[in-house]
Every structure is written in structure tokens, then in C-alpha cells.
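By written order: A, B, C, D, E and F. Residues from 1 in each chain.
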Amino acid sequence: MSKPPISRFPVPEISDLPEDIRTRILAVQEKSGFVPNVFLVLARRPDEFRAFFAYHDALMEKPGNLTKAEREMIVVATSNANQCQYCVVAHGAILRIRAKNPLIADQVAINYRKADITPRQKAMLDFAMKVSFEAYAVGDADIESLAAHGFTEDDVWDIAAIAAFFSMSNRLANVTSMRPNDEFYSLGRG
Amino acid sequence: MSKPPISRFPVPEISDLPEDIRTRILAVQEKSGFVPNVFLVLARRPDEFRAFFAYHDALMEKPGNLTKAEREMIVVATSNANQCQYCVVAHGAILRIRAKNPLIADQVAINYRKADITPRQKAMLDFAMKVSFEAYAVGDADIESLAAHGFTEDDVWDIAAIAAFFSMSNRLANVTSMRPNDEFYSLGRG
Amino acid sequence: MSKPPISRFPVPEISDLPEDIRTRILAVQEKSGFVPNVFLVLARRPDEFRAFFAYHDALMEKPGNLTKAEREMIVVATSNANQCQYCVVAHGAILRIRAKNPLIADQVAINYRKADITPRQKAMLDFAMKVSFEAYAVGDADIESLAAHGFTEDDVWDIAAIAAFFSMSNRLANVTSMRPNDEFYSLGRG
Amino acid sequence: MSKPPISRFPVPEISDLPEDIRTRILAVQEKSGFVPNVFLVLARRPDEFRAFFAYHDALMEKPGNLTKAEREMIVVATSNANQCQYCVVAHGAILRIRAKNPLIADQVAINYRKADITPRQKAMLDFAMKVSFEAYAVGDADIESLAAHGFTEDDVWDIAAIAAFFSMSNRLANVTSMRPNDEFYSLGRG
Amino acid sequence: MSKPPISRFPVPEISDLPEDIRTRILAVQEKSGFVPNVFLVLARRPDEFRAFFAYHDALMEKPGNLTKAEREMIVVATSNANQCQYCVVAHGAILRIRAKNPLIADQVAINYRKADITPRQKAMLDFAMKVSFEAYAVGDADIESLAAHGFTEDDVWDIAAIAAFFSMSNRLANVTSMRPNDEFYSLGRG
Amino acid sequence: MSKPPISRFPVPEISDLPEDIRTRILAVQEKSGFVPNVFLVLARRPDEFRAFFAYHDALMEKPGNLTKAEREMIVVATSNANQCQYCVVAHGAILRIRAKNPLIADQVAINYRKADITPRQKAMLDFAMKVSFEAYAVGDADIESLAAHGFTEDDVWDIAAIAAFFSMSNRLANVTSMRPNDEFYSLGRG
């Protein structure tokens, strides 16, 4: 059986892309050994591509109190609740690598309440799930309860912004039927 | 009673902002007569601010088959379902202005199925609501049903991307308790 | 484009209505300057019309601890959650007028948790929403929590009865596709 | 164990009630052999009592194409979905009596799709449930599908109005913790 | 009208069944005076029949702190929430008999929060409902709250296992359209 | 950090178990190289253990038109929707092995609509999800739509019974906090 398409929409050739986008994609390929499909699927719209990755990097690669693994936990937990195949598989791989733990991504995806993570991390994910599914009800009590776990005002913003960004990202991936690269499934499994 | 804060988080002074952000804000102020609070609330994080507005403009100000009023309808319908005060009030004003119709924003916000819009626009909003609330179930049948109303592949992307972007935006506004400027409530009401 | 109908069902001529109903409608018209469509749409069934407005007045015009504006807040918050265009638009106008506040109706409709109202009023609306959406779970703890805000037994009945009455009213308006009069949209906006 | 109260709120003595209400209650007692608790619980508020029963009778005792048993089916199916003990038990009894069928009330309450009723009656209940739980989505297709079963415009109004009235009634009964009289449980079973 | 079928699937003749199953069915018939339809419907699959009833008996007939009536309360409350006609009607009869209370089954089925049961039994049913509808969220706090009512670790297991078993049973009965025997409706009504 | 417990409840020593259970467990250990935790967690209740595995085997190991991989797909898809860590991880491993496909389990778990499976298998999973989450609404149309994909009456029973059995199993695993063995995570991936 031939390989299924990576998007419901036509995908541009890398060689046809604007210079900056092509350069970014080639750099990722060099580093990872393959081009994650999200780059190819979103490249259909160069301006949206640029904004998407600028936003992504501002949230996921920035310094701050949340570790990079913790940021990925937020992605993995909320994305499975949104049934987003691309985000769970791709960010699950990144989570395993960043946490150096081959079990954690599946645990966090399926039911983070049972995962091998700290109570502080569970509180972080409780809040991230509330942002994803009932942000309208977020109130002072939520912030106080995060503060009790040591989360600062900037940490709260980070958790909320990551959950919000992937609320967007999950919907884009589901509508485009974005296919995770086969490589992601086994990365970081030990 | 003193004016309630426009954000749960500290808001920077315009004069302390990076040059590009300050310039953008002053330009908006010049054009609109006031600074919409979203600019001030998000300016706390310059990189995220830049990405947010680049993304916003790529979706809302771009050419394409969807009119600007139709793009705003997507924002207004999905944002009320997410109980996002800022987005309904601010984009409701823009919708009234762009559609030159003082009634349409309230109609679309409360129950777009009863609004004075075309069957094609209702189909567009049915799809936008599906993207916002059950994107995991979007499939070929949805695309075909949009095509029957004349929506192209690019239109489908636009509708989905706008609904997805405001899924993010609604969550940010709800978590920050972003307050709509008083000016928006009456704009475009005729 | 011709004006859309005010009801999915045929609407009687005012001149054909029973004397008491005609008199009531003309009195409203005299007072308001127009006939709110709910009178015309429900007049199709005179006995139900009489019971409906007798009930409405017993709840909304009666003396008691809840102000008239507070009663309207209950209507507006629960009706938007039920996506009832007529009730949000018409009672939103009444709320703005009774509260002498041009912003309050939109705030309460979209997300009352973020509205410029008192903690006591938020507690009132929390309870009204529970009555509207999970009345089966109302218990002693809810009554005690209202009492802590100073609500008496009679106030609790009032809040519950208003929420219950508009649960009915919202459904009637949605099934009949009852159209709000254009006049309501701008009333009380200052 | 002493008998539990019939309401969370104080219940007036029959002898203290306004003449018209007392007369109605005594007439019911004469006819049924007992006073259904709804009369006593709601008598606390005479004006609301009068409007409630006027509305009830206008919907449940009126002539029309729906049989009295069919009207009760609507009450029983929607009230169980709302977890309203009083309405399911009391109207279940009336349904058994009116349908002369000792099994039908439990069947309709628990899952009307499996009840011994006609396809036309199932269509009626499908619509009543939609009115009770997602009236905002009722549209032309629903009306057409009822018409295909022979329901007229007036029948549609009746079904919707009964479902709407008991949406109110269920909430009142749940908030007041209205207790069904013991007599209702066994009426019409033998 | 001829009797409706007791299952969507073909039902075997008792005489064609394996010896052990036939013997069990005849013993039930001898004891109850009729064969509950669940035996005939499930007999289509002898191995599943044997496992089903072995499991059922291990949970419902075993010694322990929960009374037999309490076990049936769990079945009745969760089965009505699952809209399972067979389980509510058949186990409702058993509950009335075991509790020697003709009202309790309808009360527990419709809204156990309003039933004539103890606070300890309400806590038991709160937990059973959580197991049935959001088991993923069960945590230490639930167990502690049961312990405060005197429930042991084994009692917790019993409540959870009964709720879990009838989550299966309700789905089987709904898919097979398993019809309750007419006898059950009036059993134990006094 | 010491290994987290495999159950919220005490787990018996294998050597203390009844002979038949001990024998079964040792046989599994011999075959798999480890004892899946479900055997140890459920062994606390020997009679329930025997019924559980008899039922499991009757559904999962029996001959029939559904392949063993297809049976596992039902488990994996419904268990992730129920957030059951044990069932997704353990049956995900079995699915990978039986389907000889290292990607399929994650795909089916997260969003089976996007998995590399046939339209017939998607129809099977649509039905399994309906059985798991709204069995009360299963009707003739569902059976006909399965028949159109070639599923026989016995296949329908199999799909429904597997979905129903794991509705039970998921709840048991979530309440006991049953921990998947580390071995399962990587089985069949390479």
C-alpha cells in the first residue's frame, strides 16, 4: 500500500518555498534527520507558517521556570484530550527525549493523573486542561492553587499560553489530517 | 468605582515597550482613537505579541474569497460559544462596521442559526463551530458539504485557521481576564 | 431584502385577538413605542399567552430583595447559555435600562464571571446557571452558600423561579424562531 | 422514621390559602382522594401558583390531535432526563392511567426508544427531547420530519410547549425538593 | 398486538441449551415463577453467559458490608443514568423486594439525591456514579471521603466493581434491546 | 525513586493464591516473560478474577470473522476515550504484535478516524465508540450500516460485547490505579 498523504491539502515542494522557510526546513532536517510533516503541511501558507513557528518557539524554547519537558507534558496531555494524532505522536517523542524517560509520554497522554510525575506537575496539567476545556471558568482560585505549588505569575502565563497555542495547533492538525512522521513513534523509547 | 483592571497580569507602560511594538500600538491608536486592550495585555510578552499579531493579520487582513465581515462572523460565533468577553465585544464591533449592519454581531454571537445571514454563511459557521468544538471529527463529508456551497480548498483552510486561531485567542483572553474597551460596545450600532 | 418573519408559526392580527390580549398589547405599544414580538408570537394561543405573562409579571415585576436589574441579569446570563436570541436581545435592553449601565448586558450575557457586578450578584448567577443546567444536583450546600451572601429563602425561590421560567421561555423562543425587534438592540446603550 | 418534608421551603396550611386556591385544591382532593404535593408546594406563592396551573391546564387538558396519554409521554420522557423525581412519578401515574397500560410509564421514562409505542410517538419524543436539551438547534428539518409523521403545525407547537413547560417545572421541583405523594407510585399499575 | 421480541438477536430454545445453562435457567424459573429475559438473551453465547453470571453472582450474592439492597441501589442508580430499561426495571424489582420498600427503586433511579436513603448510602451512590461516568478522575480524595462514611477498602472495591460490571451489562442490554419481563414492573410494589 | 505500586489496593503474593489462579499466572509468565499486572491486581478477588478472565477469553480468543487485531483495535480506541492507562498500554502492545504494525496502536488510540485502517474497520470502531458512550441510542440503523460493510449479526454482537467488557475493565483499572508493566510500552515497536 502506498504511503498515505501527510495532509488533506496539497503540500508544496521544498524547492518552491520562500528562502527563509526553505532554510528553516533544511536546518530542521539536518538536525533531526527528517523533516517533521508539520513544516511541510503549514508551508502552504508562508505567512501563517512564519507566525506559527515564531509563536511556537517563543513558548517552547524560551527560558523560564518550566522545564522543556514540562512544556511538552502540557502539549501531550491536552493534545490527546483533543484527539490530535500529530501532536501526541510528535510531541510525545520530544517529551520522552527531553525527560529522558521512555514511559512518560504515553502515561501523560492517556491519563496524566496516573503518570510518574510530581504533584506540582499534576497541578500544572490540571490547570492546562482547564485552560483547554473550560477557560471561561478560570478564576483567582486557580491561580492561588498554582501559587501554592510554587508557580509564579509568569509560569501561569506560560502554562496557559502553551495550552492555548496547542488548542489552535490541534485544530489545524485535525482539519488538515496532518500525519505524524513514522520516525516519531519510536524516538526516545530507549 | 475605579475602573477595573484590563488584565489579571501586570500591563507594561507603552513607553517601556520595544520600538516596533510601541510603533504598532501608536498606529492603531491613531487610526481607532483608542488602544484596544489586547495590544496592552499581550505586550507583556513581546515575542508572543509579535507572533500573535502577525498570525492575526495573516488570517484576518489577507485577500481571499471570504469577505472581511465573514471572517469576523467566524470570530464572533465561536468566541461566544467559548464565553470570551473580549473577543465577542471587540470583534462584534468590527463585524458591525465591516458588514455595515448594527444587528448582525449580536445575532451571530447568540445563535448564528437565526441570524440574518445567507445559507452559505450558515454552512461556513457550522463548519467553524465544528472546528472549534470537535475538530477531531472533521472529515471528507464536511469538506464536500462546504464545496457544495462554493467554498474552495483555500476557503476551507481560511475558515478552519480562523476558528483555530481564536480557539487560542479566546483562551488567552479568558485566562488573562482581558477587558474589552468600553468603546467597542457601541461602535457600529448606528 | 424583505423583513424576515418574527415567528416560524403564523402570527395573528392584533385586531383579531381577544379583547384582554389586544388591550394588553396596545398598552405595551403605548408605553414602549413598539410591540415586542413576544406578544405577537405567543398571541396565537390566547390561554397560553395569558398564563405566560401572568407568570412573567409575578416573577419579574414583584417586590422583593432582588432588584429588577438583578432579575434581568438572571434572564440574560441563562438565556445566552441557551442560545436564545430573543431573550438575550430583549432582556439585555431591559437590563441596560434598569441598571442604567450600557455595558452590563453584553458582559453578563457572554461571561458573567467577568462582568462589572458584585460578588453577591456573581453568586446569584452561579446559582441561576446551576438551576438552568443541573437543577437535579441542587442541594443544601447551594442554599447555604447563597445565605452566606445574604440571600433569604424567598430570594432563593425568586432566583430559581426566574431561571426556571426562562428555561421555558428560551425553548419557546428557539422553537418558534422568535425574532427580537430591531429596537431592542440599541436601547439603553447611552 | 417520620415522613420527610414535601418541600425544602415552608408549606402553607390549606386553610390559610386564598379562596380560589383553596377551592381548587379541595376539588382535586375530592377527585383524586389526595392532594398532589405540587399544589401544596407551589401554594406558597399564590400568583405563581395561579399562572402555573393555568399554563399547565392550557397545555395538558386542551383539545387537539395529541392524545392526553401522548402529552404525558412527553412529560415523562423529558422529566427523567432531567432527573425530576416528582414529575416522573406523578406524571408516570397519569400516563399509566390515560394509556391504560401499566408498563408504559417506566418504559418511556428510562429509554423511550425501547418503549411499546408507535414510530410516530417515538418521533414526537425525539423532538421533545431536542426541545428540552438543544432547542437552539431546532430547525426546518425537524418540523418537516414531524410533518412526515402527520404532525400539524399546531401539534408541533403543543409538543414544544409541553416540553418547554416541564423544563420549567422540572427545575422548580428539583430546587424545592418536591416530594411525590406515595400514592402515585402504584397508581395504574394493576 | 403480538408481544415484542425480547432481543434484537435470535434467542435459543431452552431445550437446545447446554446442560449447565439449561439447569440454571430452570432453577431460576422454579424459584421466580418466570425466566428473566437476560438468561434467554445471553444464552445465545454459552461461554459469555457462564462468565457473565459467575461475575454477577460474585458481586451481588457475596457476603460483605454492603447489604444486598445497597448493591441493588448501585445497579438501579447507574443503570437509569445509562438509560438501560432492562436493568432499571428488573433490578428495581429486586431492590424493592430486598429493601422491603415499594418506593425506593423509583426514587433511586430518577434522582438518588432525593431518595429516602441514608447520607452514607448517598455517598456510596455518588461514588458509584463517578465510577460509571468519570472513573478516570477517581483519586485518593474519593476513597477518603468514603472512609469517612465507614466504608472499608473492600467496600470501595465492591461499589466500584458493581458499577463497572453494570457499565458492561447496561451496554449489552441496550445493544440487544433486551426487554424486561412484564412481571418485574409490579414486583415488590406492595 | 522506588517503583510505584501496581494497584491502589493490596496485592496478594502469587504463592498465596488458589491453585488454579496461580497456575494460570505462572503459565502467562512463562509465555510472556513477565506477569501482566492485571493478573496480580485482580487476584485479590479470586471469584471475580476467574469470571473476568473467562469472559475476556470468550471474547478475545474466540474464533469468528473479526481478526484478533481487530478485537484489539476496539479495546485500544475505547480505552483511550476512557483514559484507561493500563488498557491502552497493554492492549496497544498486543495490537502492534497481532497487526504486525508498530504504528497502529498509537494511531487507533489517539484518533482512529485518522488511522491506517480500512473503511470497514473505521465503521467497526464508530460502532464500538457508540456502544461505549451512547449505547442507549443504538438502533436498527447502526446494525444496517454495519451490515453494509459485511458485518454479520454475530460480528455485531462481538463488537458490542468487547466494547461493553472493556467499559467494565477500564473502570476497574482506573479505580484500582492499575499500573501497566514497563514491558508493554515498547513491545512490538521495532
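Assume contacts are C-beta pairs under 8 Å (C-beta built on N, C-alpha and C of every residue); 3 or more make two chains touch, one makes a residue touch a chain.
Bear in mind that the values here come from a model prediction, so they are computed numbers and not experimental data.
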Chains touching both subunit B and subunit C, listed by label: A, D
Reaching subunit E from subunit B through chains that touch each other, fewest steps: 2
Equivalent interface to B-C, taken from A-F, C-D or E-F so that over half of the residue contact pairs match: A-F
Greatest separation from subunit E - chain, by CA centre: B
Chain whose average C-alpha position is farthest from subunit F's own: C
Copy pair subunit E, subunit F: interface residue numbering same or different (half cut): same
Where subunit B and subunit D are represented by their mean Cα positions, the distance between them in whole Å: 44
Whole-Å gap between the CA centroids of subunit A and subunit B: 23
Rounded Å distance between subunit D and subunit E, as computed from the means of their C-alpha atoms: 28
Where subunit B touches two or more other chains at once, by residue number: 83-84, 111, 136, 174
Chains touching one another, given as label pairs in label order: A-B, A-C, A-E, A-F, B-C, B-D, B-F, C-D, C-E, D-E, D-F, E-F
Contact set on subunit B toward subunit A in their complex: 8-10, 44-45, 47-48, 50-52, 54-55, 58-59, 62, 82-84, 131-132, 135-136, 138, 143, 153, 156-157, 160-161, 163-165, 167-172, 174-176
Subunit A to subunit E touching residues, read off their complex: 111, 113
Touch list for subunit D against partner subunit E, complex: 4, 80, 83-85, 88-89, 92, 102-103, 106-107, 109-111, 114, 116, 174, 177, 179, 182, 185-186, 189-190
Partner subunit D, residues of subunit F touching it in the complex: 136-137, 139
